Amino acid sequence: MEPQHEQGVLKFSSFHPWGPCVALIVLCVGFGLAEPRFASMENLRVIADRSAIPLILAVGMTFVVLQGAIDLSIEGVMAVSSLTVAMLVLNSRTGLDLGLIGVLLAVLSGVGIGLVNGIVVTRLGVPPFMATLGVWSAASGFAMLLSGGQPPLIHDQTLRAFGLGRTFTVPNLAIVAILVLALGYVLQHYTRFGRYSMAIGGGEHLARLTGLPVDRYKVLAFVFSGLLASLGGVLGSARIGLGHIDVGLGQMFATVTAVVVGGTSLGGGRGGVIQSAVGTVILAVIADGMIFVGITPDLQKAVQGVIILSASLFATWRQRGRLRIIR
Amino acid sequence: MTFKDDRSQPRRKPYTLVRPYVPLAVLLALLSSVGAIQHTFVSPYNLSVLADESSVILLLATAQTVVILLGGIDLSMAALTALASVLIALTLPSMKVGSVISVLALTTLLGAFQGYIHARAQLPSVVVTLAGLGIWSSLALTIAHTTIPVSAGFSAIGWLKGSSFGVPHSFAFAAAALAVLAGSLRWLPLGRYVYAIGLNPRAALLSGIRVGRVKTLAFALTGLFSGLAGMAMVARTGSGNPTIADSLLLPSIAAVLIGGTKMSGGVGGLGCTVIGALSITILRVGIAATGLDPAYEPIAYGVLIVTAALATDRSWDPLQK
Amino acid sequence: MKKSVLMIAGSVLLMLSARIVAAVPLCDKSQIRLVNSMREIAQPYHANLDKGGRMFARWAGLEQRYILQLNQGDSDKQVSLMRGVLTTNPRCTIFNVEPNADLVVQPMVNAANQSGAWIVTHWAHNEGLHPFDGNDQWIAHVAVNSLEAGVAISKLLAASIGGKGGIVALQGRLDTDPARKRFAGLLQVLKSMPDLRLLDQQTANWDRTAAFPIMQTWLAKYGNQIAGVWAANDDMALGALEALRAADLAGKIPVVGVDGIPEAIAAIDKGEMIATVSSDAYYQGSIGLAMGVCVLTGQVPLPKAWPKEKREYYLKLQVITKGNAWQYRSDPQPSAYVHDWDCANLWNRSTSKAF
Amino acid sequence: MNAPVLRTEGLSKSFAGIRVLDDVSIEVRAREVVGLIGENGAGKSTLLKVLAGLCRPDCGRIVLRGTTISLRCVSEAAAAGIGMVCQEQSLLSNLSVAENVLLGHEDAALRLGVFYNWGALHALAKAQLDKLGSSIMPSAQTDTLSFGERQMVELAKVMAIENRTPHEPVILLDEVTSMLDTEQTETVLTQIECLRNRASVVFVSHRLDEVLRVCDRVYVMNNGRCVAQRNRGCYKIADLQQLMLGRNLSVEYRNDAPQVLITGSTVRLSVRALSRANSYQAVSFELRAGEVLGIAGVSRSGRESLCRTLFGAEEPDSGEIVLDGKSVSFAEPADAVRLGIGYVPVERLVEGVVAGLSVRENMTLAHLDGLCRGPLIDRGRERELVMRWVERLRIKLRAPETPAYQLSGGNQQKLVLAKWLIARKPKILILDHPLLGLDVCTRMEITLLIRDLARSGISILLIADTLNELIALSDSIIVMKDGAVSGCFPASTERPSEREILERMV
């Protein structure tokens, strides 16, 4: 019988571990057969490039989700960091040219917002869903103030070059993403942060009973997620060349979807960064593949929906049971 | 570890007494603060305008409340609303009232379908309705690439537009729908099942409650209300549009939460959802009325959500950690 | 020819009516409120709408009375925001509306009719709806002929690649009128040029960030088959351009867009884009307000007295290419528009009736 | 007679005005096993919680090795060398055993003070488990363990404390055996015996015999006060019971009414060759009207699974269930409920009651449709019915609107029973450990109730905590072993001995 801590909002037992991987392979093979050029080296790079930023976001989100919480604020964070970086490096609006420092400051803005999330959740006891929903909204408002109807263009060529460039034919962003993923993996499996996050997700009050500093690690998770979100925002604007409040448009849903599809349970305590990475790549492959096989734009969301649904079905069908509790 | 000691801490007591009234307080505070800056904002006329504006969000939030009480969530409502608006706008000229009825029937079925998948395949409602969100919205987009004006037969829904005794019909309609639902939550066995499932699905199951059936029913409800919302939309804009309601999803959920219903299910109710919906609407319109920089609206929005949660969502509950 | 006749007729009629109806001011000028209702200000096009509006407000000495309303792409909200303002002194309030989707025009006009506020709309509205059909508060609808814009850039694109080869097209939000009309323009041109092939088309919802990966994927899929890139607006064009830049193809593959935002013009200067069509956001953001002020101050008769072609007309579009890009490089000065804002020349940029 | 390691002086604690600890003073000496006995709500658990730093006393002080300490949280208590094993398990089932054992104290197994060294971690955990002679793999995921094994891990976790303090730890065991079946209890008790030469132990249990067996001294608690203290050997059981209850215990269920021979009555339920993969195989038996059929067996013998199957909560792979002569199949519990079958699960708070709902709502949850006038619930009739059963079962509560979580375990159990009894004509009751963790007094009430129900014609399928309980309660008994029926004792005048059953169980 299931232990009690499996219950609670949005909690459900974890996916069949190999489900997502299989789904990913099936998708690749399918698209590859439908359109041989899909398998081309160039397209692999494109997919890597495409999934880079979502992957970075997903890694951050994973730790929050592992703790059984959720971070809806990443779009807001991305907007803020995007404008901050655009206004701190050489740009069309402010006279500043801080270069790398500017980038670091922009990334720190995310840390700040993450800190706010964490404090609102732990100190004020607001449920993460609402806390981060609110912070999301507030942050995007702040970004609008910064933007003020004059999106700053980024003239800092090194930053632009990095955003668009490749090293050894691998897109720079993809490299960053891989590094972040590696970092995430180490954090999850070899540090207290990761293990305690698991523990908190497994049963928060039990973790408290054992005397773990639960709140500290919750804040940490939100900060980490904020950090990576702002990193994503910075990279995104380095790529399109201006500070834009819509730089993270739709990323929140995408990231959560990726995490879920990858098999990290929204209930917390199950899954991990690798799973989320797989989920992200799945979504990237879908998006890319659909353009390849020329599915009309109108239907893309539908196809995405169907794939998410069938992927989850495929992954969890065998785990159905009369007493299984699904929210 | 039992939670007895925790919950019976005396200092919590007084707070738990005022808790139910907090959403109302938030609403009034909001209204008065906007009214202070913009006096005419609290004029009867404007209040009725507000009520009218809130009607669609209210419809969405009402059904959403039931699903959230079950411990789930429905992300597909807005998309379904858009689909409904398109279908109604398309079929009104030919089928008149028949179109409304058949579209409502359809959306109800689609909702029930999602519920069935969720219950039968035991997929989390987030996943199922996320997929639904994608499917319904692109379905709407495929059916109608753009705005479909209602060329004829508008009378079938036109009655939603007017207002009597200063009460806009759309709002009265939404409120009535909510009242009916609230009543059945209170007086029908179904209502009690909903709360039981939200609080402890396993015990509910082992008490012989047909959980799957209840869930399917709840999602059928969201389907139906999405249809109604679509109808209200068409009545308001005189046309249907495939992206008409996208931006209403989060506000409607926020309305439920601000109303004091807990994400974790089983705690809360429809009473406060009205208040939540009104608060959200004031925010959407109020800031503009005060002539502040629009950028402050999302900020205020965020602050409100957090404060509301702060006020309502700290009630203690034995089955939640 | 026909146009000029219209103009003359128009102005004559205006003078007559001006003399006959010794128009009295409807509002004390200090009471007038100017509202610019638009989607957002993140996109440069919208930012320029706002700038235009503010420029006019400053010029007319109504800077304090200028209100900006953003609906963040939420049609329902655009209407709500309008009603929110109408609670105070509607009769002296002027709305200059960039409809988030054409369906909002109807309810906004209705709101105006009920409350007595004044409204000018841009771009497009649902079929079968006209200012002159008893909508007396609806001063005018300044339509933009998106088809024409689409045709213009498509022709230029075709010309730049010698009328043959494959092109890819980035569409706007599929449920908006400009998106479809501009694309229709492209299809029209394609029909006339058999050698020109449309390899692929996708929507990027007007959004630069969304356009980037789509373009990347196309490069992977079609490689060197892509001879040109067609985008329904400059923002997406620039997104695609960045993707090209990432593949060192910037400037090698011609790109066209619509809107004439500063970056696009800069790109045209650099030769990375070859053309864009501007409906002059500054003008759109201000002309409606100008009309309203003229009406409210009684410098022109009530709209219902105007001839139909002045209530609903197409706006002159400016095709920007390397040739004339220099004129649009920097933000225009108010002086550039003072002439257009004058109550006598409100219809300067009308090309033809739009009904 | 050595010096006390841990001493409490005049501890008092109130919750919501109700005094749960009233001037309690006890002492625990080095290498001594102290027993705490008393009814439910006598304050045993609260006392332990205070000692373990789970909640703070209103007044009074705790003296550890001569120095007064104030414990703000569990980790502080642990640091001071006090560890507690709770009634409810506190393991994180999604972590490995090793992580659970060392949770919060991994420092010894960290590289550079940051990175986990899994090898070291497992080694450390193994050391702890070895102390208890347990062979559980430290790398195993905790939710793959049986309840008993998890209990072992709990113990290991608590024992790990001794590595962190220079002194011998004080181990608080709160009802650790109440959820275990006979042979698991045995192991735990032997562990406690072993603990004696490493630590001081405070042991709380409802099972008097266990306490008396392992404890050097017992404190008797009765509503919040420590009423007596007895050393090993110098007390009589009856006398203790009297102290616990504050009154004389007239009848113990062991010497219970003679069995009625119900072989004549009709067969209510007959199970034929019922099988479910890796739970039980080819189980067949008959349950007659008014019969109490006990199922003996160790945990994992498939009896729980069998019961759930008969309630429709698990589906059988093959075989058939015949109810009143008609072959039935349950798609979900609801079907079984409609046919008049009720199920009282082990985990009361998780599966039995909806803690958030009121007593009234809980009681009528299963049979609401019977209480409807038209489509609507008839509140009047509902309330009246509820009150009737509250009285009949002597459920102690302030009002029917009291939320279920405010009831004591015993009353919750009664509530769960009532939920099934209010049905028009309940046919079969499936009781999974109905007496689990109840105090003597409630045990007896429920025992008698079960008898009454049987006499009134309801058939009862019973899984009991202990063998003698089982023998006492049931008319006929089947024994299950590794999922198969290994023995069957039809109702007869003389009862099978525990030994007879035991040898068929293991």
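All chains are identified by letter, namely A, B, C and D, in their written order; residue positions are counted from 1 within each chain.
What we mean here is this: contacts are C-beta pairs under 8 Å (C-beta built on N, C-alpha and C of every residue); 3 or more make two chains touch, one makes a residue touch a chain.
Everything numeric here is computed off the predicted structure, so don't read it as measured data.
*Asks:* Please state which pair of chains has more C-beta contact pairs than any other pair.
*Replies:* Summing C-beta contacts for every pairing gives the maximum at A-B.
*Asks:* Which one of the chains is farthest from subunit C, going by Cα centres?
*Replies:* Using the mean of the C-alpha atoms as each chain's centre, the farthest one from subunit C is D.
*Asks:* Report, in whole Å, the distance between the mean C-alpha point of subunit C and the mean C-alpha point of subunit D.
*Replies:* Chain centres of subunit C and subunit D, defined by C-alpha means, are spaced 74 Å apart.
*Asks:* Measuring centre to centre with CA averages, how many angstrom lie between subunit B and subunit D?
*Replies:* 43
*Asks:* Provide the C-alpha centroid distance between subunit A and subunit B, rounded to the nearest whole angstrom.
*Replies:* Each chain reduced to its C-alpha mean, subunit A and subunit B end up 28 Å apart.
*Asks:* Using Cα averages as centroids, what's the distance between subunit A and subunit C in whole Å?
*Replies:* Chain centroid spacing, subunit A to subunit C, equals 36 Å.
*Asks:* Going by the contact rule already set, what residues in subunit D reach two or more other chains?
*Replies:* Residues 54, 90, 313, 332-333, 350 of subunit D touch two or more partner chains.
*Asks:* Among the residues of subunit A, pick out those that touch two or more other chains and give their numbers.
*Replies:* 5, 144, 148, 203, 206, 209, 298, 322-323
*Asks:* Can you list every residue of subunit B that touches 2 or more other chains, as numbers and ranges?
*Replies:* 1, 141, 145, 200, 202, 205-206, 293-294, 319
*Asks:* Viewed as a graph of touching chains, is the assembly arranged as a line, ring, star, complete set, or other?
*Replies:* Chain contacts: none of line, ring, star or complete; other.
*Asks:* Go ahead and list every pair of chains that touch.
*Replies:* Chain-chain contacts present: A-B, A-C, A-D, B-C, B-D.
*Asks:* Touching residues of subunit D toward subunit B in the complex: what are they?
*Replies:* Residue positions touching the partner: 15-17, 45-46, 49, 54-55, 86, 88, 90, 311, 313, 332-334, 336-338, 343, 345, 350-357, 361, 365-366, 368-369, 372, 375-377, 403, 405-406, 419.
*Asks:* Name, in rising order, each residue of subunit D that touches subunit A in their complex.
*Replies:* Touch list, subunit D to subunit A: 54, 73-76, 78, 90-95, 99, 103-104, 106, 114-116, 143, 308, 312-315, 332-333, 347, 350.
*Asks:* Contact residues on subunit A for subunit B in the complex?
*Replies:* 2, 5, 7-10, 12, 120, 124-127, 129-131, 133-142, 144-145, 148, 203-206, 209, 253, 256-257, 260, 266, 298-306, 308-309, 312-313, 316-317, 319-327
*Asks:* Okay, in this complex, where on subunit C does subunit A touch?
*Replies:* 40-44, 46-47, 50-51, 171, 174, 200-203, 207-210, 212-214, 216-221, 223, 238-239, 242, 245-246, 263
*Asks:* Can you check the complex and tell me which residues of subunit A touch subunit D?
*Replies:* 1, 3-5, 186, 189-192, 195, 198-199, 201-203, 206-207, 209-212, 269-270, 322-323
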